[in-house]
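Two complexes come next, and they have one chain in common, subunit A, joined by subunit B in the first and subunit C in the second.
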Partner chain A sequence: MANIKKSTSLGDWFDQRLAVKKFWNVMAAEYWIPKNISFLWAMGVILLALFVILFVSGLMLVMYYKPDAKLAFDSVNYTIMQEVEYGWLWRHMHGIAASITFLIIYIHTFTGIYYRSYKNGREMIWVSGILLFIIFSAEAFSGYMLPWGQMSYWAAQVITQLFGGVPIIGDALVEWIRGDYAVSDPTLTRFYMLHVCLLPIVIIAVIAFHFYSLRFPHVNNLDGEEIDFDLEGEKYLSGKVKESKVIPFWPGFLAKDFFYVSIFMIFFFYLVGFNYNFAMDPINFEPANSLKTPTHIYPEWYFLWQYEILRGFFFDIGPLKASDIGLIAFSFAGVSLGLLPWLDRSDVVAPAHKNRGFFIWFWVLLVDMILLSIFGKLPADGSIMGINNTYIGFVLSILYIGLIVVFLPLITILERKGR
Partner chain B sequence: MKELKTLLVVIFFIAILYIGVEPFAHTKLHPHVEPANYDFAAEDISLANTNIEKSQKTLEAAMKTGNEDIIKSAKIEFETAKSSKEKFDSFWKDINKIDLSKGDATAGAETFMMAGCIGCHAVKSQGMDAPMDAMASSETYGTNPPDLSRAGAIFDEKFLAALIKDPVMAQKLGHKFDDENPYPMPGFFGAGGDIDQEVSDIVAYLKSIAPKEVSGKEIFVDACQRCHDIKYDNLYTDGNKISVAEFMGSTPPDLSMIIRSKSKDYLHNFINDTQKMLPGTAMPRVGLNKASEEKVIAYMETVGDSKKAEREKTSIYIMIYFVILAIFAGLWKKKIWSKLEE
Partner chain C sequence: MSLENSERRKFIGASFSAVAAVGGFFSLVAMKKTWDPLPSVKAAGFTTVDLSPLKEGELHQITWRKKPIFILKKTADMKADDNRDVIVDGARYTVCIGLCTHLGCIPSYKSGQFICACHGGIFDISGNAVFGPPPRGLDIPPFKIDGTKLVLGETSPEFEKLVKKA
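Let's look at the complex of A and B:
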């Protein structure tokens, strides 16, 4: 039993029981962040802000939403969008935040790749981050089903059908996931459960883990410099604030982040009020109709690059059907970025522009993923400059896989040998 | 400033991605069409020409494949497009001969009675009720024939003349109705005099009894509600829905949210010429004039996007709030960092 004394203040009362000061020092006041960073280091806090928006707006929506195939569409588009005071605001915020979360996740991830922050002790940060990306994908997909519009229904049809590609148990698996032979009311209800209960719990747990895993290896900096955080921290505490290479999480780091978050929110609410179709596809404002296939079925923009890899393979190889090869490539693409710490064969942590090979690799990867996204939305039967979209998609898909499994190891082995 | 350069690079790639998956992809998903034209004669002939060009290209492509079945079906398509153009040419030539400025409303009232229009249609504003109620008449004809009290105000006059002479051609339903499967409304064969003059008189009569001001909702009732629901405004198909679905081939969709699922441009092009946007659709071209079409789309917006004004105003206020917050946050950041940096 701790030695509890008569408290001198309310703060002291809590401090004696919860070690508030010590906790605050560990979490904020003496949690050291490098000074040498740019606005790209604010993406984590922006993502946290977006997650809070998603959580709060989600709670608001759950109060009126009806997870029933007969009621869902009207509960969203009539009750929430038109009857409830500012219901439209919560829905638009929820939809835009979901979409923009992925934009920021991609910026966050590519920052990590550019500064090669995924290795030398930071592997767990990286892997938990990629895990968050994957769970967020499931969360986004399950949430997209809930308004029960045409895109909700047909995307669910297409994506759940993918599990049919699993050997032997495929068909049974699809039925198990859907809870019915076709996508229908039980499918909606179980995805509702996933979206508002199971997945958010998992996400919160993994976010906590993501932060925790960051606490010891610390954040990377603009030059990839290895900083002795204890030493620099002491320097800071001893008053040599300007000399020290670190700043505390509070107020130094967060002062910057509040500023970036505020600016980001201006852009966010511009999208909420004036440019939302990219996040809330117009086709989904048509009620789900199992008898009427939409002319074009495509996923939300943030899944397009993976979707293009899925449909990039159009020929059978021996016993493997085109759809199976696509499925394997698609599954690989989903987890591929999580393997970077091990596919990068060098221990150099430095921004990409310090190594010409890696620099080129980085921009080719980025451009390839953007092109995959664009072609993922175009009709597969079209052509650009006389070349069939299917062939372009195939080349881009092969390029992606090559960049990850062949070129990255090659470039980094050369880097290691060159030193 | 280094950060600014980084920011510009980030914005550049986001812009490329955005343009690629939004405007650029949409031009491929929804190919460009000529804008809505309310001179229906010109509209129909222009579409017929476009269809000939398209089917000619298909035929050329088919020739290259060398596959006989594909060539055969492409040839049929090409011939159909050509004959359709001839049909529309001669039809609109006939209609254009009618001098609508010489219509006599008084004579038109008489012709209207003699021609048997009120055998099916109501003209409630003139005290003429329909012989059957909406249920019975939709069960008989497929859809309930509209009340004509406001027809002269909401439909284009040349379209009305065309419709009276040949409803199938005017509504572009030739692919659905022919001599064996006739359209419920017969064309007007004349009341004994000069048929063009008589048509012109009837149109003049309909225009003379029409109110000056018609609301978007009234237009919806006259032009859309005989097939469509708009349940968020408590309007439901006027008649037996099952008969309508059988007559149309499928249940016409509820239009409550159509303003969010289709762009205004699409709605204008579609209502103006249904076959242009959805070839083969059972929906007739209803012949709304430009003003009425704008009103009915505005009405659908008030139903499906009722919070638009509030959304735009509120979003601006919130943005202003964050501009102010950003200024204060920036000042605070400056204060904190002045101690941290040399």
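Let's look at the complex of A and C:
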């Protein structure tokens, strides 16, 4: 046992028992952050703030929500929205935070791609980040179905049906997931369990891992410069604060983060107070009806690009049915970004504007995903300027896959050879 | 406590792994079964419909296992389809689960076709997939013919024959 002495202060009492000082140094005071980063690096802390909002508002909602197919709709739309004091506030905060979380995740991710922060020792940060994106998607989807409105119901129907695409056991698997022949009460209750219990625990664990994975390779910076963090940290500690290329996480960077979080919160509560409708689909204010599909089904905005890839394929190739191809493409799209560290064949870590080819690739990818999202929202049977939407969706989907598996390796191999 | 006898430690480790593996396996089985549909759900899996009052050319919709079922008595000028038609009492019927085989939306019946709005799938009057992403025609639910009645949820030689052809 350690040698415990009579403590000189309350802080010392804890320090002797929990090594508080050491912990604080590792986590904040001597965790080194490059000076050369911009506001885009604050997205992580904003996401953390959003997660806390989701967690707290979720706790408030769960006290009145009833996970029962007969009661769910009214418990949300009547009890929480009309009866519970400030119930509407928690609901709008929860709904908008869920939506905005994805906006920030996308900014966070694309910052990483632009500065090529996913490689040379930062692969685990990247992979755990993409994993978080996937689990967040499951969390968002399982939450979306809880109010048991029409869109919730049919989203659940379509998403669970996706598992029917698994060879041989598909149909049985769908029934097993639903716990019934169709989406119904058992489906609701088990997704409730996933949404409020299992997935949050997994998310918290992966967030912890995501942070941990940053400790050794450290964060990238605006120039992709390789910094010897130990050396620069020592410089800082020895008083050469100006010379050193790093600052401690606290108070150096986190103070700035808090500033951005404040600005973001003003924007967030503006949305909650005055513009909450974009996170609420009007169709979802109709109770679920298993015998009537809404005329036009679409997911929330943040899934649209993947959804469009899912339905982008409309012809069979040999034994592969169109729907299977769509499914394969969809599953690929889900994990595709996680493969970037290995599809990028060059070892350069530099912002995209330092390399023409990569720069163009980046913006084409981004524009393609935006276009996919736009077409994902449009009905499949419409047309734009005389071209059928199905065909446009097909071209955009092929482009996405091509950009990831063909163009990225090509461009980066050229980059490596050209140096 | 000594660690000299590492053989003994290895044996303890191995026996623990064996117990844990057996326990883990049975827990997985229990979890799988917990998620299976309940007996009450399974028992409600049969539905009987009387076909005699149906009018020709009008889509009749019922539910079976919480799924919509389309029943259409074909008129003389609707194309017969020996691979899919259910023949009861001399009349031809299209009987199918009204869920698109693509991702499960309910297609709507419009001028002799079933049109799925979700991703643009189209099925003909007999339920064959004719356009879009649906990988196969609308599924035929297992049925048994009992006079002028159709029992859904039970198979019969008639059903087996259709499934083989469709």
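Here, the second predicted complex is superposed on the first by the 419 of 419 C-alpha atoms of A that agree within 3 Å, B and C clash if a C-alpha of one lies under 4 Å from a C-alpha of the other, contacts with A are read in each partner's own complex, and residues count from 1 in each chain.
Throughout what follows, a contact is a pair of C-beta atoms (placed from the backbone, for glycine too) under 8 Å apart; a residue touches a chain by one contact, two chains touch by 3 or more.
Everything numeric here is computed off the predicted structure, so don't read it as measured data.
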| item | value |
| --- | --- |
| Contacts of A:D180 with subunit B and subunit C, given as first, second, both or neither | second |
| First (subunit B), second (subunit C), both or neither touched by A:F314 | second |
| Partner chain(s) touched by A:F278 [first = subunit B, second = subunit C, both, neither] | first |
| Subunit B versus subunit C as contact partner of A:G11, first or second or both or neither | neither |
| Touch count on subunit A, higher of subunit B and subunit C | B |
| Touching partner for A:G121 - first (subunit B), second (subunit C), both, neither | neither |
| Subunit B and subunit C footprints on subunit A, overlapping residues | 291, 295-296, 379 |
| Subunit C-facing residues of subunit A, complex | 154, 157-158, 161-162, 164, 175-182, 184, 186, 190, 290-293, 295-297, 311, 313-314, 316, 321-324, 326, 379-381, 390 |
| For the subunit B and subunit A complex, residues of the former touching the latter | 2-3, 6-7, 10, 13-14, 16-18, 20-22, 24-25, 28-29, 232, 250, 253-254, 256-258, 260-263, 304, 306-307, 310-312, 314-316, 318-319, 322-323, 325-326, 329-330, 332-333, 336-337, 339-342 |
| Touching residues (chain side subunit A, partner subunit B) in the complex | 35, 38-40, 77-78, 81-82, 86, 88-89, 92, 103, 107, 241-242, 247, 251-252, 255-256, 258-259, 261-263, 265-266, 269-270, 272-274, 277-278, 282-287, 291, 295-296, 301, 304, 366, 370-371, 373-374, 376-379, 382 |
| Residues of subunit C defined as touching subunit A within the complex | 32, 35-38, 41, 45, 61, 63, 65-68, 101-106, 117-120, 132-136 |
